[in-house]
Amino acid sequence: MRKVSFERNFSKHAEGSCLVKFGDTHVLCTASLEEKTPPWLRNSGKGWITAEYGMLPRATGERMKREAASGKQGGRTQEIQRLIGRSLRAVVDLQALGERQITLDCDVIQADGGTRTASITGAWIALYDCLKWMESRNMIKTDRVLKDHIAAVSCGIFAGQPVIDLDYLEDSSAETDANFVMTGAGGIVEIQGTAEGTPFSEEEFTTLMHLAKNGIAELVALQKQAIA
Amino acid sequence: MRKVSFERNFSKHAEGSCLVKFGDTHVLCTASLEEKTPPWLRNSGKGWITAEYGMLPRATGERMKREAASGKQGGRTQEIQRLIGRSLRAVVDLQALGERQITLDCDVIQADGGTRTASITGAWIALYDCLKWMESRNMIKTDRVLKDHIAAVSCGIFAGQPVIDLDYLEDSSAETDANFVMTGAGGIVEIQGTAEGTPFSEEEFTTLMHLAKNGIAELVALQKQAIA
Amino acid sequence: MRKVSFERNFSKHAEGSCLVKFGDTHVLCTASLEEKTPPWLRNSGKGWITAEYGMLPRATGERMKREAASGKQGGRTQEIQRLIGRSLRAVVDLQALGERQITLDCDVIQADGGTRTASITGAWIALYDCLKWMESRNMIKTDRVLKDHIAAVSCGIFAGQPVIDLDYLEDSSAETDANFVMTGAGGIVEIQGTAEGTPFSEEEFTTLMHLAKNGIAELVALQKQAIA
Amino acid sequence: MRKVSFERNFSKHAEGSCLVKFGDTHVLCTASLEEKTPPWLRNSGKGWITAEYGMLPRATGERMKREAASGKQGGRTQEIQRLIGRSLRAVVDLQALGERQITLDCDVIQADGGTRTASITGAWIALYDCLKWMESRNMIKTDRVLKDHIAAVSCGIFAGQPVIDLDYLEDSSAETDANFVMTGAGGIVEIQGTAEGTPFSEEEFTTLMHLAKNGIAELVALQKQAIA
Amino acid sequence: MRKVSFERNFSKHAEGSCLVKFGDTHVLCTASLEEKTPPWLRNSGKGWITAEYGMLPRATGERMKREAASGKQGGRTQEIQRLIGRSLRAVVDLQALGERQITLDCDVIQADGGTRTASITGAWIALYDCLKWMESRNMIKTDRVLKDHIAAVSCGIFAGQPVIDLDYLEDSSAETDANFVMTGAGGIVEIQGTAEGTPFSEEEFTTLMHLAKNGIAELVALQKQAIA
Amino acid sequence: MRKVSFERNFSKHAEGSCLVKFGDTHVLCTASLEEKTPPWLRNSGKGWITAEYGMLPRATGERMKREAASGKQGGRTQEIQRLIGRSLRAVVDLQALGERQITLDCDVIQADGGTRTASITGAWIALYDCLKWMESRNMIKTDRVLKDHIAAVSCGIFAGQPVIDLDYLEDSSAETDANFVMTGAGGIVEIQGTAEGTPFSEEEFTTLMHLAKNGIAELVALQKQAIA
């Protein structure tokens, strides 16, 4: 696994924020609190956690067209931001949050593979700090809203070997690529596995799942350190 | 598993077509051949398989806004059509296809859960018939282009029990929901698992994977019957 | 005139639905009820009937770009859906409907000329069944809301001869092409005539109008049979 | 019929231009020549005539949203510009025009009913002047390209009486409203009739058609005067 | 400076309107009153002045794509309409206007340089007439709402010489181009200076500013004549 | 003036990059080289410099809607990116650059007033490093392409006093706000002055211009240090 770091309070305006680095992949995660829920939750007593994802045009080796300029978010962007939102909601008690919305913006400053797993892992820190900010104003109790840690990592088979936390080069040539999202207690929240070349077997998949389990445990330990 | 049927040649214009039914979920899959590849494959000697997905506005219990009218395809639509395309490409030799593109349109006429798995399973039939159409014109050899069957099924944990091929009601209240895409040889091509409520364990996931394996073997047998 | 058939209750979810076939032109018409009117009718005591029209990408001989993907409905689509809406409203008492909206979705599954006339003719059946559904719930009286039948047919001059219900081939090479929408009582609701090549004379137009009158009388008879 | 006037060469830049007035309805029609055809006519030796239509936001009694600001042209706009294009093409020999495109922009400066019929009638003048401009540069022969005059008028039944060239007030309350496009020789090019309230009979429609024939003959006479 | 003229009441529908000509640049300015403010001013007691700008496609030497057809307003359009809005607001007491919005539409009928300065200068007349219309209905007092005149002119250095009110040819080849917006009292409201080729010096800029001051004084005198 | 710093090579992928800070305003500027020019410069021997500007949604005190999600770049964004592009082009010899395009992306990571002036000032560094990168590959000579420094600063009148480099608070309540873009040699490239409340006098404007001149000289000195 590449060197992972969290820089809390990176942004002076956001209620919670974190610059997360998985090697050369750098993502700025901010949590923004709004005192209203989406329309379909009005008067339900419940809140909502949502996420948006973006990449700076030159976060990548070749400049990508700016989505704001092309007039829409691509399929990959939407897929990732839906994944981030679902992952974080899996450890939040929306009733205990109350009728509020927290938006997690994950903006990739520099990309080198694993931007979605770094985003989820860093967004948890931003969310935690946002909840602490709310707690300090007597709005909620953090430990009643946030039920567990959540972290994510990619695993794959590269040159016949199982590897964890693939960088861009490994990711591009991996035969198989799976993203795992798990809680601090080791529960599985999301699995997304894709065979790029030849299909994979159940045994291969089980190997990746174990690898992920260990990696995520490590990431959760790092999150604990970061908020200590 | 619900009653599954394939009605080939449903559309008089398409090179291949199939109305697939998984219970009350009905999807029209058509395969359209074009004698050109996308720009990034030009002069590579390779072809491309792509997919588009849509739902008729009243395929569902409540009428949904027509995507053409709202001016964009939603995140869910894009996620599904990307999945269908990747799944079919996993069993196609793009080199043997030559510089052509086949577009698989999967349009949901009636929805009752599992529209993406029905789409993949039915699209394979439409693709097969399109390749046979090409073979009859001496453009390709079907068995050199199409390496294997591909089929998909959803599995979940509903009311504490593992179930396969969830309908809308089961899907809405399932604790866990996973889609599996596998080849005729049993190789895994895609896994997408999501915990809706509480996270799931490795054991639960393994149970679902075995359930899926059997279900997909059955779907592949039905595909073989359909093209016999 | 080509063989015309109506398959009622084609869709399990819609309040009314009908798969109409004019030869190889197949259109799925659904009627969806909503308990609210558009903004400009609020508190007027009146309801509204509106229509949307779409074609599956491979309904036609060559695959057409999906409108949801290109991000807007083309001029032809908008023209047709406006026509369908106006035609149906011509036989509905919006006051008797009450503050509700019924949306008629006409989706072309397979096209072979005359999709707009088939849509109008089939949408009437879907609307009728929707109103019967409402009547069975004591919401309205069908015969107070629906004042008459409505049906439509195209007529043209093809190879010097007046013809009715043109298929795609005739339509493409017709010198003149007119669509007529009439009520069961024979009243004219819409006329759209276009000279494709040389202009046409008043006499030619009168011939087409008579042809249409007879054809529409036949369609209305078929509608009566269908709902009997 | 309201007072009709044509002010040629209203615009200093366009190859042909005309400010047409039908009473208080004022439309600026310009013809713009481009030395290329649309893609589907390339290397066919044929040219193309197309039209675009717009209304200034405050051309109407209440300000309408600017279509450029709302991000798309509405259904009515598209319907009208398609009608204008078809109408003008009906009197043009596209082969004699050669591989060029002439765009007729019809922009409504002030509206008081009948903007589409004024647009067609005025666009003919702009087109004529554009062709003369081309003739003076030895590009074409005007009388080989332009086969006849084209003009349009609306007729309707208002307060039980047939009326011609309806202004906004008449148009809004007319029971029936039909637009006719005819050539100088009296040939019919387009008919669009709509019953707003009760359906109309064949006799009523024939009355409107005769009324239109006379009105259009008058408009053609005025066009002849204007270009004399 | 080119010949400047104002034709008031050009549009029969608008509360205020003016066709302004700066030489061959002709802009139709209309003022439209609405009895509501934008959301962010609700219940503030304040009104709002906003502007929209557009060019007819053939206002220019070469036909430009219609913004409504291309689906968005370009950067230049947005820049200009923001400038017009800010300029007019600078002389309006929004509190005295009350909770209403006046929209100034500036549509360029014919362009020959200086469309933004003509728009501002003409919009003032349209606004004045709109306020007078309101005053005649006892809604406001014009002189309490409208604090001063506002007018605008461009200045530049062309062929080494300072020039005022540049036409298209001068504008295209000017080394420097600055737009000035000033009040009747000579106060500066907006300055936008751009070096097209070599940067300019403070002295050059001061020369342009003085030139503008005189030109704007002249324009204000013409406005006074026009409303006298 | 607030503390200004430049962090070169912030991004590992871009040909040139710089994180510029003006106090709490932090902008990441990257320069991306492409070996092709825009269509209108093809075969002219000339290159092009363009700029795009964006803000992360939570760069500001309140979260702003993501432009990629709302489907278009706002007027302010377009205005700023056009300004950045023009400013940089003012010191580049496009002929010496050759048929290439350099895109300067200025993405605001954190905003506290003056984002456009920081963007211009930082983009110069990114451009310089991009040209040095090209020079090291023998593509160009930096000093033949880059004719001078360019830097920008805002000045305003706040609480009756002229101030330089306004932060968000000062900017929001300043009576007058002007942005100046000048070269290393002191030439003026852009001036944008706006009276927010009462108009300003020529004297006030001259004061601001002198203030800006000194400030920009200081910024240019800091740029020189940064690239030393």
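For reference, chains read A, B, C, D, E and F in written order, and residue numbers begin at 1 within each chain.
Assume a residue touches a chain if its C-beta (ideal position, glycine included) is under 8 Å from a C-beta of that chain, and two chains touch if they have at least 3 such contacts.
A quick note: this is a predicted structure, and the numbers were derived from the prediction, not measured.
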Quiz prompt | Fewest touching-chain hops separating subunit C from subunit F | solution = 3
Quiz item: Using C-alpha centroids, which chain lies at the maximum separation from subunit A?
Solution: D
Self-check item: Separation of mean Cα positions, subunit D and subunit A [Å, integer]
Solution: 58
Quiz prompt | Averaged-CA centre spacing for the pair subunit F and subunit E, given as whole angstrom | solution = 28
Quiz item: Which integer distance in Å separates the CA centroid of subunit A from that of subunit E?
Solution: 49
Self-check item: Sites on subunit F at which at least two other chains make contact
Solution: 71-72
Self-check item: Successive chains along the ring, subunit A then subunit B then the rest
Solution: A, B, C, D, E, F
Quiz item: Hey, which residues of subunit F end up touching subunit A in the complex?
Solution: 11-14, 17, 24, 28, 30, 32, 34, 52, 54, 56-61, 63, 66-69, 71-73, 77, 103, 105, 107, 109-112
Practice problem: Would you mind writing out the residues of subunit D in touch with subunit C in their complex? | Solution: 72, 74-76, 78-79, 81-82, 86, 90, 178, 182-183, 185, 187-195, 198-202, 205-206, 209, 213
